[in-house]
Amino acid sequence: MNSLTATAVGKRYRARWAVRDCGFAIPEGKVVALVGPNGAGKSTLLRMAAGLSRPTTGELKVFGTPVQGRIHPDVAFLAQERPLYHDLTVRELVRLCAAMNDRWSTERVREVLGLQAGVDHNAKVGSLSGGGRTQVAIALALGRLPRLLLLDEPLADLDPLARDETLRIIMTEVADRGTTVVMSSHLLSDLHEVCDHILLIDEGRVQVDGDIQEVLARHRILVGPAAGESTVEGTLISATRTERQSTLLLREAEPAPRGWASTEPDLESLVMGYLRASRERRNSAQHK
Amino acid sequence: MNLQRRPDQVLPVVAEGLGKKYRRGWALRETSLVIPGNRVVALVGPNGAGKSTLMGLITGLLRPTTGAIAVFGDRPAGRGLHPAVSYLAQQKPLYPQFTVTETLTFGARTNPTWDQRYAEHLIAQAGVPMGAKVGTLSGGQRTRVALALALGKRPGLLLLDEPLADLDPLAREAVLRTLLTEARSQGITVVLSSHVLAELEGVCDHLVLLHKGRILLAGDVSRLSANGVPLGELALRHMRAAAQGEAA
Amino acid sequence: MIWASWRQQRLQLITLLGLLVVGVGAIALLRSSMLDSITSSQLTACVTQPLQDCAVPEAAKAFQEEWSNPLDMARLLIICVPALIGVFIGAPLFARELEQGTYVLAFTQSVSRTRWMLSKLVIALVPALVVLIALQYLVTWWLSAAGTLGPLKNGAFTALNFGIAHASPVGYALFAFALGTFLGVVSRRTLVAMTAGLGAFVVVRFALSGLVNSLVPTQRVEGTPDRQLTVHEDGSLVLADGYLDTAGQPVPEDEVNALIQACKTTPAGAGTPESQQEFLACLPKSGLAKQYADVIGESQAWQVHLADVAIFGGLAVLLLAGTAWVLRRQN
């Protein structure tokens, strides 16, 4: 069964569509990298899946049940702004969440907090650094013992060590309990380590959806003389050109002609290529 | 664009026994540090390690509790930023109602050493429309405007607190490229704090690693990672060792 | 969930308790000081007698001058507390969570939005009402110790006396609170909810006071035109008055004024006893047979209070339902 499915999901705020006609299906147990430029609709999608806002069109389903204005009991959500009550201590905040949840494990929360350096249980949440608050929020999300974990920029405020620890915690969660994870992030190098599925959203639409290895295998990066670009066959995603040389990102590429070097892209190059393409589309649309 | 005329002997930052104590404890302790000129310095460390405190002491926004610090040979006197120092805070403070043009005018009015043409060049390079209100710009564009504001006063030392946070991969790449280009061409020393070491690898040539208010590691990358260990890996190893040393 | 709401509103509840303690202490002290003043001025008997029967009128006057201000302050306190409840307890209740974004934490736990909302409401409202009722009781206790020498003698329907009696303060407090919470969820900004709530409360409170009166059946009291009806002085609420013609129908006001003017211009000189008698004889002849007044007697005051609570309480219920609806739809 799919942990999260979207069918023609759209969300409009006044005149602007934040998300438009999105469709995807995420199998259980996958770790999904949700990527795209800022304002692409990643946070909006995650919030809709968490039941915080309702789609204008379409429908989201979690484990087969439609999401209707409240969070599914098997889902936990980490919001980008890390909403926490600043005048409570960490201990009191844990107790607060325990009181607000049916299924809860305080031991799991303590375990996760213990794995992360530098969170004092008696400190007021407001006195913690941005990274400390992120760690607390992640621990609270895991205390719900979720089957689907939705994380909006979980690594954003964390220093390298904390990022390392958090990724480790997520991986253990996936390995031990088969939790499905959907995490949005800009830090592509970190994502590549843990994710096996990619969902690329841009301008509110799904541009890439699939297993990372398969997606990468379907693309090629070709480097060659700028003059010879017309000889290259395949769907061009984006190109960077200097006076003499072109670097092309292609999908379903034919074998490269002579004089061109062909490699399989890594996650960063792939995502950057799509982001460049959308930026060019945006710029040319503005100049029209 | 003429190079900044600064005598090579005057180092951007010399700190000796520098310390800062708050009510809750020492944020920075017994720190002695030299930042050589013309470097792009990565300031790394866990949250609470003292990065913002160190930046505050360099800019003169904070007063040291112990020790002394000299920026281009002068002691920060707490009377406003040293004219040769520029600081970009993490939240990239700009007035959302101002247009980009008005923001640059603000920079011109508040900085005696302002170079309007240079600032406009940076804005044009970033592709940001001059007439747009700052509040309507994207995160990446706002960062570029804030950077133009910081560079427009032609500093000798540029401090950036987490400039890449909240930016998507394309914007990060663009900002780092601009920083590197301008630092090299203008002879500016750049100190930037960031958590993402992987992308600093091609850009930074000097590392300062802080942990709990003390310096764990400081030096040119070429010297520190003589055997070619990447910057990120190096820092991570030291941070892990320090954390374990504490737990023990 | 109860602990959760208590912990979040802990500071507020402790402040309320502190205010209650201060209020109790102050009122008790002032009341006993006032009683001392009464006994030392030999006014004890006067307190239960009508003012004109008082044996020591100068002492009574002095007492009133000394104590009317504190007693007025006490009444004003009970008038203001409902508004303060709306502004400081109702308005920030949800506005702060929405403003700071912490509602996202609550909405992504298993507790239903309605249960979360109810729990916060109850923990905020109940102690506030308890403090209000306690203060109301204490102030009334103090006021009644002054008896006819105090403001209560003015009758149950004066603005300050009515607004502090019976269940009316609780009704106003419920309305102010519900108004505050509703404006809070709609505006999502604490300061806006507080100021708009205060403004709207004051406006509605005054706009509706006339409406309340018209909901209670009145009695018609009639009398001869020669002297003023007693109801104007005995504390009853007069909603309409005027003259009746011989058929028992009310005479329109402009006609009444014209007829009275006509009767005033009689041949005899003005101000003499004959002219007075002639004036009074003239009125029935012109068609102004009797005076009348539609009144609500003081003993009926409880009915007006009931209508008051029904209206303001009803509005409160509507606003709370609106608050719940907005929270559930929160996007």
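Note that the chains are named A, B and C in the order they appear, and that numbering of residues resets to 1 at the start of each chain.
Here is the rule we go by: a residue touches a chain if its C-beta (ideal position, glycine included) is under 8 Å from a C-beta of that chain, and two chains touch if they have at least 3 such contacts.
Protein names from UniProt, one per chain: A, B = ABC transporter ATP-binding protein; C = ABC transporter permease.
Note that the coordinates shown come from a computational prediction; the quantities given were computed from them, not determined experimentally.
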{"item": "Chain ID, smallest distance between chain and overall C-alpha centroids", "value": "A"}
{"item": "Farthest chain relative to subunit B (centres taken as mean CA coordinates)", "value": "C"}
{"item": "Subunit B and subunit C (ABC transporter permease): spacing of chain centres that average the CA atoms, whole Å", "value": "64"}
{"item": "Geometric centre distance via CA averages, subunit C (ABC transporter permease)-subunit A, whole Å", "value": "58"}
{"item": "Length of the line joining the C-alpha centres of subunit A and subunit B, rounded to whole Å", "value": "29"}
{"item": "Partner subunit C (ABC transporter permease), residues of subunit A touching it in the complex", "value": "50-54, 69-71, 73, 76-77, 79, 81, 83-85, 88, 92, 95-97, 99-103, 140, 144"}
{"item": "Residues of subunit C (ABC transporter permease) defined as touching subunit A within the complex", "value": "1, 3-4, 7-8, 100-113, 116, 328-331"}
{"item": "Footprint of subunit A on subunit B - complex, ascending", "value": "44-49, 127, 138-140, 165-173, 195-199, 232, 235-236, 239-240, 243, 247"}
{"item": "Sites on subunit A touched by subunit B in the complex", "value": "36-39, 117-118, 129-132, 156-164, 186-189, 268, 271-272, 275-276, 279, 283"}
